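Going by the order they are written in, the chains are A, B and C; count residues from 1 in each one.
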Amino acid sequence: MKQFISTADVPSVPRLVDIALEYKKNPFKDRALGQDKTLGMIFLNPSLRTRLSTQVAAKNLGMEPIVFNIDKEGWQLEMNDGVIMNGNTSEHVKEAAAVMGQYFDILAIRTFPGLKNKEEDYTEKYINQFIKYAGVPVVSLESATLHPLQSLTDVITIKERWNEPRKPKVVMTWAPHVKALPQAVPNSFAQWINAWGEADFVITHPEGYELDEKFTNGARIEYNQEEALKDADFVYVKNWSSYRDYGKITCTDNSWMVDNEKLKNTNNAKVMHCLPVRRNVVIADEVLDGPNSIVIPEAGNRVWAAQAVLSEILKG
Amino acid sequence: MKQFISTADVPSVPRLVDIALEYKKNPFKDRALGQDKTLGMIFLNPSLRTRLSTQVAAKNLGMEPIVFNIDKEGWQLEMNDGVIMNGNTSEHVKEAAAVMGQYFDILAIRTFPGLKNKEEDYTEKYINQFIKYAGVPVVSLESATLHPLQSLTDVITIKERWNEPRKPKVVMTWAPHVKALPQAVPNSFAQWINAWGEADFVITHPEGYELDEKFTNGARIEYNQEEALKDADFVYVKNWSSYRDYGKITCTDNSWMVDNEKLKNTNNAKVMHCLPVRRNVVIADEVLDGPNSIVIPEAGNRVWAAQAVLSEILKG
Amino acid sequence: MKQFISTADVPSVPRLVDIALEYKKNPFKDRALGQDKTLGMIFLNPSLRTRLSTQVAAKNLGMEPIVFNIDKEGWQLEMNDGVIMNGNTSEHVKEAAAVMGQYFDILAIRTFPGLKNKEEDYTEKYINQFIKYAGVPVVSLESATLHPLQSLTDVITIKERWNEPRKPKVVMTWAPHVKALPQAVPNSFAQWINAWGEADFVITHPEGYELDEKFTNGARIEYNQEEALKDADFVYVKNWSSYRDYGKITCTDNSWMVDNEKLKNTNNAKVMHCLPVRRNVVIADEVLDGPNSIVIPEAGNRVWAAQAVLSEILKG
């Protein structure tokens, strides 16, 4: 594997899932693989799970993770070409990425979308600039439109809980939130579930919250949440802001929150969320504290997803 | 040892002190103990000694410390149950603690009191929420009411300097400060000196600064500083805000500052402080720069205290 | 080597350059040298290259780097003696440095000048306080008036590109900037090139930008940039604020920016800069994106400079 930004970089999603599950059984079997290798982890935005699980994954492979909060410990980067840099940006990504490429064997980056300029966000300008200039493999720790380490984790989490011959019904449902959030997690979940190909996949959300078809194509879209959730085996809950009316909150209907009542007509569905989750806004306490929630082991699987990705890149 | 929050978690204080002093002689003898183990160090507040000494202690044991300034690099945690999370908190401690418990073998946390709500602080709500949900052993890097790594260090520091058959006279004296500080260090020092049982222990402070008897019980309280300091072998200097008039500064009498004059009637007492110390407010330059101060080697002992605690938890 | 603040600490600059170039060929040959040793890296100011390259260098030597952003993760230090500390500073450097000296085998520190008080800056008050109280070798990660890891890197970068019997002509040229910057990099470059002694060294800048002669003595000063650049083999570009009119910007003449036109009469000169560089203010895009720029491999060499310095200090 040469980089890890989207499913397009992955020769086989099922194989990558298997590699991750092998690390879960035997975390230290490739301890020598990362010897004398460094992973630069560059944060332009906050992170908890991605940050900590990737550090642990790197150490499991004997690789040294070096974390750099460039937004707080460094300075603001210029992302646009040809600019006269007499403003607030102190360094161009051309230099910053290339220099970090001199220090690290793999460069991992987290960068959120601005949610103001759809084209800028959806061309993945920021992470693509890093890819262009780093000169070493780049791993996304979440970019403007995708969060592949999360989605690989989600596929792993479904797969390890499903032994039946039929495909599981996986329903991704929009839920309310107080802030305008990126579409990265739902875009990415759709892309990965589609690329995996082992699920009956349904997406439900209020009208106006349609995601970019480039990612959802192949999934059934159902505007009626109750109808969508019927017989679900896995319910993936997530808020996102509108893609059509870009970056806006166009629905504040709290009845979309997932509570036990919503799970009644499911097939005793397991409930997933990427976290952090706002309790009693996105998902009710009774669900998160009840037997259907698998959000904690889901987050735990982040380690094995990151370890699979880093190992495949180290193997080249 | 299952966790490290207070003396109640320690089977034998003298034994733990001995373990620490053995590490001081031979820092790397248990280098294999922490192999493939990770220590999550979560900071909700600033730290210098605790942070750096615990990192060094973990490395000495072959354990990987991973530091996370959750207040700056992550987001604000919700600590209350049943809340509709539509405000400033982005993640509930139920998820945050449980997820970090998935990544680390031991979770170490620093969290200060608010000094506004005595009951909330003294029930140790924050650290108890972490303990409840982490699922792995929790080590206090200072909590609302106690600072056990500091106090273990202080006992070590006294013990290694005392060879006489009689018990040393240890006097903890209140001193002035410009800010309202927690009672964690004095509470904890009292608890540990009492649990150690090898000192003649006196506490002196202005009236109104009485600490919670739960911690000081067994010590003699003396409101006259001069009287208290007579024949002292060790003088432990520390400011704290009022416990009775909770979190308030009720005395600004600068004559409580410790200078050489104050040491005249002591038994050439060694002077201790947890640091950071405001010079010429809490302790005079002449003391800190003179032969009686042991604050630097005291701070150095933080490594061995942390190493003893981590090793005992790793051993189970 | 006992410390690394300026050329005065280096027994032989050419020998140190050779050591660095040996590490570049064989980064892991001294992996055992730093075993069980810790490097404390203390930042009072932002950093990218210095921070990341020094971490990598320490790991290459088997040494553990522990990074501490004391300005953000700790608190403000008092640098003046005899002060009654009832203001904004929470800890005196006497304690902070001495305590960190208890935890680390080597202490590395970055501290910028205030650019307000020339005498305070040029006596290197801050880093000298650390040296005085740390009790262990101190490495400068850039101080008020010098940046020795950068300058050692620069000499390495010139040396590895020069095989002719004659000395290369090295020209350091002032360039415009929007902010008042320290003189640390140009002072240090002058000091190191002079100490190296293998270059024909010219400095060019507008009148009023003369640097402290203590560092530049031995170099030719030429106020005409075009004249200075003639036949240059290496052009070192850097902005600095006035030393004479201390910390002020006294020239805003954009014609000092280095573009391809400026390189015409050079000997196809290689262009260097310490980075970060403001594009199209200090150096034009056409130069930085063209074949004459060596700023990226120059930054890459920071690793070998740091590794040479740390190894020499570890060897005592």
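Rule of thumb we're sticking to: a contact is a pair of C-beta atoms (placed from the backbone, for glycine too) under 8 Å apart; a residue touches a chain by one contact, two chains touch by 3 or more.
None of these values were measured; they are calculated from a predicted model.
A.B. asks: Are the chains arranged, by touching, as a line, ring, star, complete graph, or other?
C.D. replies: Contact map by chain: complete.
A.B. asks: Nearest 5 degrees, what's the C-alpha rotation angle taking chain B to chain C?
C.D. replies: In short, 120 degrees.
A.B. asks: Determine the centre-to-centre distance between chain A and chain B, using the mean Cα coordinates as centres, and give it in whole Å.
C.D. replies: Roughly 39 Å separates the two chain centres.
A.B. asks: Return the residues of chain B touching two or more other chains; collapse runs of consecutive numbers into ranges.
C.D. replies: Answer for chain B, listing residues that touch two or more other chains: 72.
A.B. asks: What does chain C use to touch chain B in their complex?
C.D. replies: 36, 38, 40, 64, 66, 68, 70, 72-75, 78, 81-87, 90-92, 94-96, 98-100, 102-104
A.B. asks: Residues of chain B touching chain C in their complex?
C.D. replies: Spelled out, the residues of chain B in touch with chain C are 27-28, 43, 46-49, 51-53, 55-56, 59-60, 69, 72, 178, 275-281, 285, 288-289, 295-297, 299-300, 303.
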